[in-house]
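Shared chain: chain A. Partners: chain B in the first complex, chain C in the second.
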Partner chain A sequence: MKVLLINHDGGGFADYVEIVDGTTVAQLFEQQVGSGRASDYLIRVNRQPCPADQVLQEGDRVSFTPTKIEGALR
Partner chain B sequence: MNRTDKRLTRVAVDLHEQLGSDRSPPARIELPNAAWQQAETFLQRIHRARKRGWFLASQRLVDELRCALQRLRNELTTLCDAIQIPLAEAGVASVADICADLTALHEEFGDVDVDLRCNTISVTTEPIDLEGICLGPFEICLDGCDLVGGHPRNYRVIALDPNPAASNETVTHPHVQDDAVCEGEGHQLIRNALEQGRLLDFFLIVSNLLRSYNSNSPYVSLSDWHGVDCTDCGTTVCENERWACEKCEAWVCGECYFSCSDCDGVYCATCVVQCARCEEYSCSSCSCRCARCQQEVCPDCLNQNERCSDCHDQETEESNDPPINCEQSSRAGTAGASV
Partner chain C sequence: MLRFSPTAWAKLLFLRDYGKTEVGGFGIAPRDDLLYLEDVQLVRQTCSWAHVAFDDESVADFFDQQVDAARHPEQFARVWVHTHPGDCPRPSQVDEDTFSRVFGRSAWAVMFILAYEGQTYARLRFNDGPGADLKVAVGLDYSRPFGGCDHEAWKQEYLSNVQAQQPIRITSTATEPVVESPFDEEPTDEWLDNWFDYAEDDDNVKGLH
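After this line comes the complex of A and B, so read on.
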């Protein structure tokens, strides 16, 4: 099944990704962000806060937004 | 559908239409063939020069090849960045997505204002506290007139209870000046969110940026937010109005710093010595002590024999004068003869 993933850690592109049935939010986070700590991200499913063990459904909109985004003079 | 829902839908339809009209065919992608060709030419010349034993020429060509490769790399990087943007344009938020984002904004921020007349959407953050400095809440106000082309001037970050830097009142946050954010690593994220009409993501990214501090590149660093007290007079001074003593590293203001007359270094009052002769100031490394009177003087007032100007004059005078005893005896002799 497919979910819409917006990974702001990877450039912020919205993209549909294929996942196996029964994948939880924590598992998708680990697959996509790897070494990052979940506590350093705002994780939303369908724009709502969610528990780590929430099982994703077909067409869900998942976003990982870093809580620390450094501004800088360009 | 209640009145609020109608308003949100109207905003969502407007924004969606705008995003749709902003779609333009992607620019033609061209590989950096010219830069590649140039690198190849240099490489051929290097082979030829080495074959003929022109080592100096080949070395110079290697330098030119390095420059050409750097140029090629830069062009490839630019191309990579450029083709990412059309890819991001693939998904544009639907009216339903924008409506859902606007509804979710209320849950994330609580204080949300959609102004149909001014075509703006605003949210208010909680009071931002960075490293113990309270900067107050900020209003993030997005102008919906030009979501894509207007970036980064199409949104403002307004301090509602400002606590600006002591040195610059227009800096209300280490990364905000004149209500504009220096986006740093958030630049591409914000741009992508606006291009795709993901309003919730836009506001979350900007608010997270406001909650973060990059000590490497602020308008005014947090350590200098309230300025620093001058070590000598105690006045609060900001970054561009203070000097660090080159010896003890204490901060001093423009009224209290001393410049060494010899090395031109900047020092605080306790790290300089006033010359006993000319009254100029010099640092402890440059000041000297007169070997005769032991007073501290500047290098200009000390002669080659390590005497200050006064002692030098005195010594010269003494050496030119005849010994007092001889003079007295000669005077006595003269007096006796006359008698």
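After this line comes the complex of A and C, so read on.
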């Protein structure tokens, strides 16, 4: 089945990917982000935060976006 | 060279100068020219005069909106823009930490800083292979078509996204829209009239005569 994946890492990705039935959000994160720390990302399914063990469904929209973006003078 | 369209540059100056805090956002580039910024867009953020922090949910919403607009992450999530007060655009340790942690896993990224007095800093980082950091020049590019200014839309974008946080040395940490602060209003002589009205009422000045 296919899900739409939005991934900030690498070259940047926003396209449909093929996954096997029963794939969880955590498994997809590991496949796509690898060694990246989950705490550095906001992980959402269909624009909503989700548990790591949520099983993905056909057509889901999954995004891994950066967190804690901050700048300062000092 | 990192190039801005005249419209994007005018918008960034407007956003920098509208309030009294730092602001930040993402540069938006066309697919065929990733170092040419045709727009700068804010996300919701909490700011003080020397700090800006993006709201994580708003960043995710921004990604969704940009993908819905048929843009690729390289076009909207590679140029991190923020401002500094004063005349120093050099990145702080906080800036460097964010640039490494957030943009260190992307193929490339740019950190761009605009100081209040106009100085700029731009650094292009390649993370693939051995990696490299290059300071890049910044300029305006008039060679492509560009739109006009839209101060009202920019103002609404600012008001919708920027929440000013009181400086730490003040006890309150509450946030509120920048321009709704009474301290941002133009000074008037209304207070003087109020004092005369108050003094003319005998009940208010009993015991003072």
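Just so we're on the same page, the second predicted complex is superposed on the first by the 65 of 74 C-alpha atoms of A that agree within 3 Å, B and C clash if a C-alpha of one lies under 4 Å from a C-alpha of the other, contacts with A are read in each partner's own complex, and residues count from 1 in each chain.
Following the convention adopted for this analysis, a contact is a pair of C-beta atoms (placed from the backbone, for glycine too) under 8 Å apart; a residue touches a chain by one contact, two chains touch by 3 or more.
In this text the structure is predicted, and so the values were computed from the model without any measurement.
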Contacts of A:67 with chain B and chain C, given as first, second, both or neither: both
Which superposed partner A:40 touches (first chain B, second chain C, both, neither): second
Chain B/chain C common contact set on chain A: 6, 8, 11-14, 42, 47, 63, 65-74
Interface residues, chain A side, partner chain C - complex: 6-14, 33, 36, 40, 42, 44, 47, 61, 63, 65-74
Footprint of chain A on chain B - complex, ascending: 84, 87-88, 91, 100-101, 104, 107, 174-176, 181-189, 192-193, 196, 198, 200-201, 204-205, 208-209, 211-214, 216-219
Complex contacts: residues of chain A adjacent to chain B: 4, 6, 8, 11-15, 42, 47-48, 63, 65-74
Residue ranges of chain C touching chain A (in the complex, touch as defined): 22, 24, 50-54, 56-57, 59-61, 63-64, 67, 72-74, 77-78, 80, 82, 84-86, 88, 91-95, 98, 101-103, 105-107, 113
